[in-house]
Amino acid sequence: MIRITAEPFDPSRELASFGQDPAIGAIATFIGQVRDEHGGGNLMALTLEHYPGMTERKLAELEDDARARWDLSQVLIVHRHGRMEVGETIVLVATASGHRQAALEACQFLIDRLKTDAPFWKLEETKAGNHWVEAKTSDDTAADRWRQ
Amino acid sequence: MIRITAEPFDPSRELASFGQDPAIGAIATFIGQVRDEHGGGNLMALTLEHYPGMTERKLAELEDDARARWDLSQVLIVHRHGRMEVGETIVLVATASGHRQAALEACQFLIDRLKTDAPFWKLEETKAGNHWVEAKTSDDTAADRWRQ
Amino acid sequence: MKLLYFAWVRTQIGKSHEEIAKPEGVETVGDLIAHLAGRGAGYASAFARPQTIRAAINQDYVQHDHVLAATDEVALFPPVTGG
Amino acid sequence: MKLLYFAWVRTQIGKSHEEIAKPEGVETVGDLIAHLAGRGAGYASAFARPQTIRAAINQDYVQHDHVLAATDEVALFPPVTGG
């Protein structure tokens, strides 16, 4: 399931009924949240812009890819957009499976590929001014692992 | 932090204050829970026996190992023992870091090594009787990755 | 064609979208970027380094040699930084 | 020595722990397992396949060639299956 929201969200509420199936033995989750060092230690806020429509489409494709590669009972991706402050959750990825390696690998796959495939852009607000975050080569490397 | 408990526990409560630090950008978690297929589809309950003292010691060593290998702000391992039914949580592993790969890799490391290093033994109760679970070669293989 | 701009492409151009007729001589995404760069100061700045521009046609990523259709939704933006 | 048994080693022997004096001629964990196998039916069954038995001395894993001390806490059990 994919959810894109402009409102703050609480991962534990999103996960309240996640993984409740007697066939599920393993749940892996990843949470990304705004940290103060984004802006060199003086980040005041982060604004995420996205491409409505394409975002949902790309994330749904990633969910399909993950389900094709691993035996997953449930998948949840929640991604925030808009302006958020330090400590707020940007993204939640959760996977549930009968087996631990499927859940763990699929969770890692989804966040790695989300970073390079989902059309989001981060604008950092710092005391020194606002600037757009540059893409990281390490994110391309992480995502490329899954293309082999 | 390591916690061994004979009482049922709720992962979302254990994680209520986890990762709340402005330097933390990434939280990875793994939850293992009792599934009905443990006993070939007719599992009624699972009892975990452990070696009190050695369990806490081995898990603390694993936490130390993870902290030495990755830059982690917080680590939490909660492991249940005693008798539990389908759907109950067996183990929770959570890692928090500034960076996503550190959190994800450390979480995978901890659950992989916990499986082979922590002195727990599973007894399955099924309609056909009770039996001790056999160790899996795949768990040794998963843990061995981290010894290279 | 419907054009969409995101992130610093949007802020440098000063608009998030516009409709244009497919210009004469523009066949590919690369041609379109070169054409837009000549439309004024904001555009020139946004497209000064074409190799940094990513493109999506009808919400799918494409390379700069992708051939455009007159009815395409074309999005131009920097490399993505979500998650 | 304090001996601890877990899982099916415990259930086959019928006790979870016992104190014994270090037996004559027993130097290593392997020697101890062979000695215990001769103590009766439950022990014989628990230690019928010594290669399946894991050992910890004073709460650290050791191999079967580990040399015992008279005051050791020795735990004998099957491969672990937690998590």
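Note that the chains are named A, B, C and D in the order they appear, and that numbering of residues resets to 1 at the start of each chain.
Heads up, the rule we're going with is that a contact is a pair of C-beta atoms (placed from the backbone, for glycine too) under 8 Å apart; a residue touches a chain by one contact, two chains touch by 3 or more.
Because the structure is predicted, anything quoted here is derived from the model rather than measured.
**Q** Note the shortest touch-path length, in steps, from chain A to chain C.
**A** Shortest path length, in steps: 1.
**Q** Kindly list the shared contact partners of chain B and chain D, in label order.
**A** In this structure, no chain contacts chain D and also chain B.
**Q** I'd like to verify one number: the distance from the centre of chain A to the centre of chain B, where each centre is the average of its C-alpha atoms, in whole angstrom.
**A** Roughly 23 Å, centre to centre.
**Q** CA centre of chain A versus CA centre of chain D: separation in Å?
**A** 48
**Q** If you average the CA atoms of chain C and of chain D, how far apart do the two points sit, in angstrom?
**A** Comparing mean C-alpha positions, chain D is 72 Å from chain C.
**Q** Would you please write down the residue numbers of chain C that are in contact with two or more other chains?
**A** 83 - these are the residues of chain C that touch more than one other chain.
**Q** Hey, what residues on chain B touch two or more of the other chains?
**A** Touching at least two other chains: 32, 100, 111.
**Q** For this entry, which pairs of chains touch?
**A** Pairs flagged as touching, ordered by label: A-B, A-C, B-D.
**Q** Which of the residues in chain D end up touching chain B in this complex?
**A** Interface residues on the chain D side: 4, 6-8, 10, 56, 59, 61, 75, 77-83.
**Q** Residue numbers of chain A touching chain B in their complex, please.
**A** Per the stated touch rule, the residues are 12, 15-16, 19-20, 22-38, 86-87, 98, 100-101, 103-104, 107-108, 111, 138, 142.
**Q** Residue numbers of chain A touching chain C in their complex, please.
**A** Residues 32, 48-51, 53-54, 57-58, 79, 90-91, 111, 114-123, 132-136 of chain A touch chain C in their complex.
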